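To start, the structure itself, in structure tokens.
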Amino acid sequence: MKTITITPLKAFEISVEAENISPDKLAPLTLSQIRSLEIWQGNRKRKLSDLFRAEGDDDPAKAEDVTITLRGDFSRVKRIGEGMTAGRVEVEGSVGMHAGNNMKGGLLSVRGDAEDWLGREMRGGRITVGGNAGNYVGAGYRGEKCGMRGGEIEVGGSAGNYLGEHLCGGSIHVHGDAGDFPGAANQGGTIFIGGSTYLPGAEMTKGTITVKGKARILPGYQKIETVAMDGEDWQKYAGDLVENGKGELFVRVGSSL
Amino acid sequence: MKAIMISGRTLAQGAGCECKMSPDFLKAVSVCHLSREDYSSLGLSEGKNVLLKNDFGQAVLTPKVDAGLRQGMVFIPMGPWANVLVGPDTGGCGTPHFKGVEVDVDATDAPVRNIRDLFRGLWRATA
Amino acid sequence: MIIKGGIVYDPANDVFGEEMDLCVNEGRIVEDAKGEEIDARGLLVMPGGVDAHSHIAGTKVNTGRIMRPDDARLGIEPRSGVCRPSTGYTVPNCYAMGYRYARMGYTTVFEAATPIIEARHTHEELEEIPILDKGALTLFGNNWEVMECVRDKDISKLAAYVAWGLRSARGYGVKIVNPGGGEAWGFGSNVKSLNDPVPSFDVTPAEIIAGLARANEMLHLPHSIHLHFNNLGKPGNYTTALETLELLKDIKPGRMRQVVHVAHMQFSAYGGTSWRDFESKAPVIADYFNSHNHATMDLGQLLFGSATTMTADAPLEYGNARLTHNKWSNHDIELEESSGVVPMVYFRKMLVNAVQWAIGLELALLTRDPWKVLMTTDHPNGSPFINYPEVIALLMSKPKRDAEMATLHEQLPKRTSLGGIERELDWTQIAIMTRAAPARILGLEDKGHLGPGADADISIYNLRPEEVDPSQDHVLVKKALAAAKYTIKSGIVVSQEGQILATPEGKTFWVDAGVPQADMDRLMVDLQEKFEKYYSVRLSNYAVQDAYVPNPKVIRAGIKVEPMKEVA
Amino acid sequence: MIVEDAICSFCGCLCDDINVEVEESKIKRVKHACRLGSSKILGHSRIKAPMIRRDGELMEVSYQEAYDRAAEILLHAQKPLLYGWASTVCEAQKKGILLAEEVGGVLDSTATVCHGPSVIGIEEKGLPGATLGQVKNRADTIVFWGCNPAEAHPRHSLRYSSNVCGRFTPEGREGRKIIVVDVRETRTSKNADETVIIQPGTDYEVISALRMLVVGKGDVVPDEVGGVPKAELDGLAKMLLAARFGTVFFGLGITHSRGRYKNIDNALSLVAELNSHTKFVIMPMRGHYNVGGIGQALAWSSGFPMSVDFTRNAPYFNPGETAACDLLAKADTDAALIIAADAASNFPRAAVKALAKIPVIQIDPYENPTTLIAEVVIPSAIAGIEVAGTAYRMDGLALRMRKLVDTSYPSDEEILSHILESVRRMRAGEGA
């Protein structure tokens, strides 16, 4: 096992872009090499050691044997765990935008909150967030037909708007509420929302969305029948028929607006 | 009274938007249009102003009846006064929520702040 | 500057791989010169590349950028040295257009389609593209004034309008796209054949094409009409292609050149009755080109992977969008044209795409005279221009073709003759199809060749033609052509080993054709009425102003100008 | 002397039939322009001279001092925001893009508080559009959705849409069906044949209902959507299908409301679907006269039309992260250059407060609230009146604005060039 602990030296005003902080990037490096990794803050190119303290094992290892612990406030540090294929990133506080984007494997666990674009264009692996997540959890990049294609995201608190937009595969589980338009243009992923949301599944063509709380339903959704699941009654909808969608939307009975 | 606020262009606002420090602009944009019913139910009349409040701020404006508005809706010409009531969050897409903003509306005797007053003390304000 | 000992291919001057020195002075090729020496001993040397059909600037191209941030983020290169940032793969930004063409040894590129009313936008982008000399073809095929002149059989007024249109747009040549169809698309329909009358205008596509061809020759324009056939992209459209070519064979050219240049022939060489029985008709089309001399073509080669289809054929693009469920931009242009933009991906395992890929190569290999065939991909419709080395390597190597065909849909051999074609093009033919022929077809006297007086646009490649067998070493050929050892533009070394060293501003060619004042006066009566009643802009704000063409290269033409002598 | 066919520099209509009477380099009278255009062209009081704020008060300085101070601010900033651009010509915009690249800043336009969501919608679905002249000559059915041209684009109906005559629309207004969809009645709805009032923030659902009705799946649609009875929506759908050439003009009513870019994304799909039944186009009612221009110039220079982050020497685009209001809401920018726009008036209050905390450079002819929070103020010539240059109309058409009168003020382009010179000089100085 190779563990690296990274801690910010000060609170950041201008956000930091740290796509180099991922198990794959740190696995082969020695501590001094890690400390001289390139990190950007605004238009300034810095070394990691200019902004963070890095401690831990020195010897090279494989990505799956690497655990990175991020201690302190990382809410303004973006792109943590970008493209990781294995290993673990433990964020004790909150994490900035684009955490775990293009992730293919491994575990990114965030005890606090996560900013927007958590797990953007994710392929595989697992992301857990103890607190709340921002907008575009598991979504795609502007103009792309496909966002998240695989992997799992679980959010303990609530999530922002456009959850899983352009979802092509994989699953997203939000225990709390989700903002507007979760699962827009869903083409085959699975979304579970423990709380309430607004206009789920816009232009969904495939996949499943389940809402335990309240949900405002789009006109393109046809009521099918009520089904029993996990000891509860759920209203099943088929849609989005504006796109001849074959998606399924389940809303717990007694909770639709 | 609870209401939904929308902000937008008007002819007078447009005509004055290149001379925002002028009294014309002040007159054109520091107004709040209300439906006839809301105007009377709030007991507004000549000389009375209207106070709009929400989590983001508050603004005192000159009330005006607008037959085109339905009950429960208010319209403020786009500009510094309207934007006191608009939140900074863009919901992930870069554009703030300028229309459909929840506000509390009440009559008031407080005066409408002029534009310099609205921005006084803002430069390098630490608060 | 002296380029020493290169193996020079300059077919326009009958130089077929001779070792010789090239002398450059003040941006031109000269008999002898002194100064900086470039060691090109044993290396392949050709004139700078000329691309006669590419969508590089204007409303369609920028619409492609705005609707495809997903494409812009693909080709991002940070700013460095003399270069500003590059972005985009199928629709590069302006700087990447200049840098990437220059890296491959190309020095002259023509925008393929510009509506007159939107030419200002095209020139703003052309001006922003570094290094390259350029020009823009001007669209006339769906223009109300053109259709009315043709309907009234008033060929001299039509010629006056073409001259006025080229001057207003600062354009270079007459571009015709799906004539009549763009106007019919104004109410959502299209023209089905050459003789299908255009609604409300009582004129047929055949008449529009023939009329514009005659006017083009009356004006002795340097380039012929540049034609995108009706029914492009539809199975069975090869009959429309042949009918149209036959229509034009008796028109006398005003200069020693073709009477019609066919754009992206590949998209109009389709057989079959639907996408199920879709097949190649390249052999029939190639036969026609081999047995007639009034027409030339550019390939419009398709390669597998991502592309962005953008054309003034709006109904075609609407069809593309419905077929692929991709995002769709449409832009109808008052009184003049229509256009569409749709992202596209071509797949190896899709039989239709595999056949389309084969058709382009068949056309190049079955047409005997390389002077009639330009190597293009109708960038970015068939593929981005940075893939030209792949097309050239395929044309020069049967083994590469066979290897590629093996990865494609197994039904392919039944739908194309490509598998049976042994021919492999050599450096002379490639130099013709990418340098000498495009320059001649466009009528650019100082381009595409290295004779004394020519522009000093030279490309030198890391490849020894005497030692390399393009058939076997196609990987080396492709690598060498992707990044020239030296690209020289107007006597300046602009690129070396793929790195941009200088970004001089290029010139913009446009054609000023003179017509009798009487015809111009008659024309102005029509135009005043159209601007008063139909256009949404005033006549005085319509034409492109001088400020938009800061480095002009004006080519004179017109009714009175007698035809030019035979070009080299 | 009379300048004929001058182009108005106020709104996205870019009317090009304005006659301006000029005597001794003063504009005396304006003909054909609407109230908005006339007020702009006739002119207002101007900022007299460059100023730098010392101990809270703006003090007059020389232009060179202002350029150098601006350059200093931009050079020292780690993430400067260069915002505005909509009320200047493309020639200045191009210089601004180069400046943003060289100082490593984020360049954004007023679209981000206006039709930015329309751009994102176009990135999802494309734009099935046309030039205004095509609408003039062919449109027999026009829908004004969430916009009020009578007050924001006064001559739109007269020159391009409801009331104008064209080749296939000789009867003008009589031959057209005008439909307004909005949350309130407006001056525009008074000239309409049909007005559909919907509840605020329900545009997306209403459009989805229309899409269902247009493709014949009306039975699934609930009895009321967005507060509109299904029968009324069905009637609207039939009117759209009955069009020979239909046009949807949409405005800030749907870009500013709940749903933002999804509303436009949905409207684009509705119009695309209508093209399999009849002919339909759609067009955003762009507000400022050259917000279209900065979108075009930024797209051909950087590949993206707005909100472009150049901090890492290459363009990065992501509204929601790189847009002006996002940076200010998260205090993720440490200096700002505001040109040809009034951020202090048009941004949410919290964003203005964040702006007031960082050094602000203003380039503008007129004093406005941004001046009250600016540290460096550089008055410029009025583009489109004192400076010729290119502007892009709401339908994407490029026109060249004429210069009507001389001025002693430097143009935006000259100011930006001088700032760029100072930046390069200082950077070379630092480097030496």
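In this document, chain identifiers A, B, C and D correspond to the written order of the chains, with residue numbering beginning at 1 in each.
We take it that contacts are C-beta pairs under 8 Å (C-beta built on N, C-alpha and C of every residue); 3 or more make two chains touch, one makes a residue touch a chain.
Nothing here was measured: the structure is a model prediction, and the numbers come from that model.
Participant: Please list the single chain whose C-alpha centre lies closest to the global protein C-alpha centre.
Facilitator: Closest chain centre to the overall C-alpha centroid: D.
Participant: Would you mind telling me which chain pair, C-D or A-B, is linked by more contacting C-beta pairs?
Facilitator: C-D
Participant: In whole angstrom, how far does the Cα centroid of subunit C sit from the Cα centroid of subunit D?
Facilitator: 35
Participant: Between subunit A and subunit B, what is the separation of their C-alpha centroids in Å?
Facilitator: The computed centroid separation for subunit A versus subunit B comes out at 38 Å.
Participant: Measure off the straight-line distance from the CA centroid of subunit B to the CA centroid of subunit D, and report it in whole Å.
Facilitator: 22
Participant: If you average the CA atoms of subunit A and of subunit C, how far apart do the two points sit, in angstrom?
Facilitator: 46
Participant: Which positions in subunit D are in touch with at least two other chains?
Facilitator: 120, 123-124, 258, 310, 312, 317, 319-320
Participant: Give me the residue numbers in subunit A that touch at least two other chains, ranges are fine.
Facilitator: Within subunit A, residues 116, 135-136, 141-143, 180 contact more than one other chain.
Participant: Can you list the residues of subunit C that touch 2 or more other chains?
Facilitator: In subunit C, the residues touching two or more other chains are 67-70, 73, 327.
Participant: Provide the full list of chain pairs in touch.
Facilitator: Per the contact definition above, the touching pairs are A-B, A-C, A-D, B-D, C-D.
Participant: Residue numbers of subunit C touching subunit A in their complex, please.
Facilitator: Residues of subunit C touching subunit A: 67-71, 73, 327.
Participant: Within the complex, which stretch of subunit C touches subunit D?
Facilitator: Answer in residue numbers: 57, 59, 61-63, 65-70, 72-73, 76-80, 84-85, 87-88, 91-95, 117-118, 120-121, 124-125, 128, 186-188, 200, 318, 321-322, 327-335, 341-342, 533-538, 540-541, 545, 547.
Participant: Please give the residue numbers of subunit D that touch subunit A in the complex, ascending.
Facilitator: Spelled out, the residues of subunit D in touch with subunit A are 77-79, 103-105, 120, 123-124, 204-205, 208-209, 211-212, 215, 217, 220-222, 225, 258-259, 262, 266, 269, 310-312, 317-321, 330-334.
Participant: Which of the residues in subunit B end up touching subunit A in this complex?
Facilitator: Residue positions touching the partner: 91-92.
Participant: Which residues, counting only subunit B, touch subunit D once they are in their complex?
Facilitator: 4, 6-11, 14-22, 56-57, 66-70, 73, 75, 78-80, 83-100, 115-116, 118-120, 122-125
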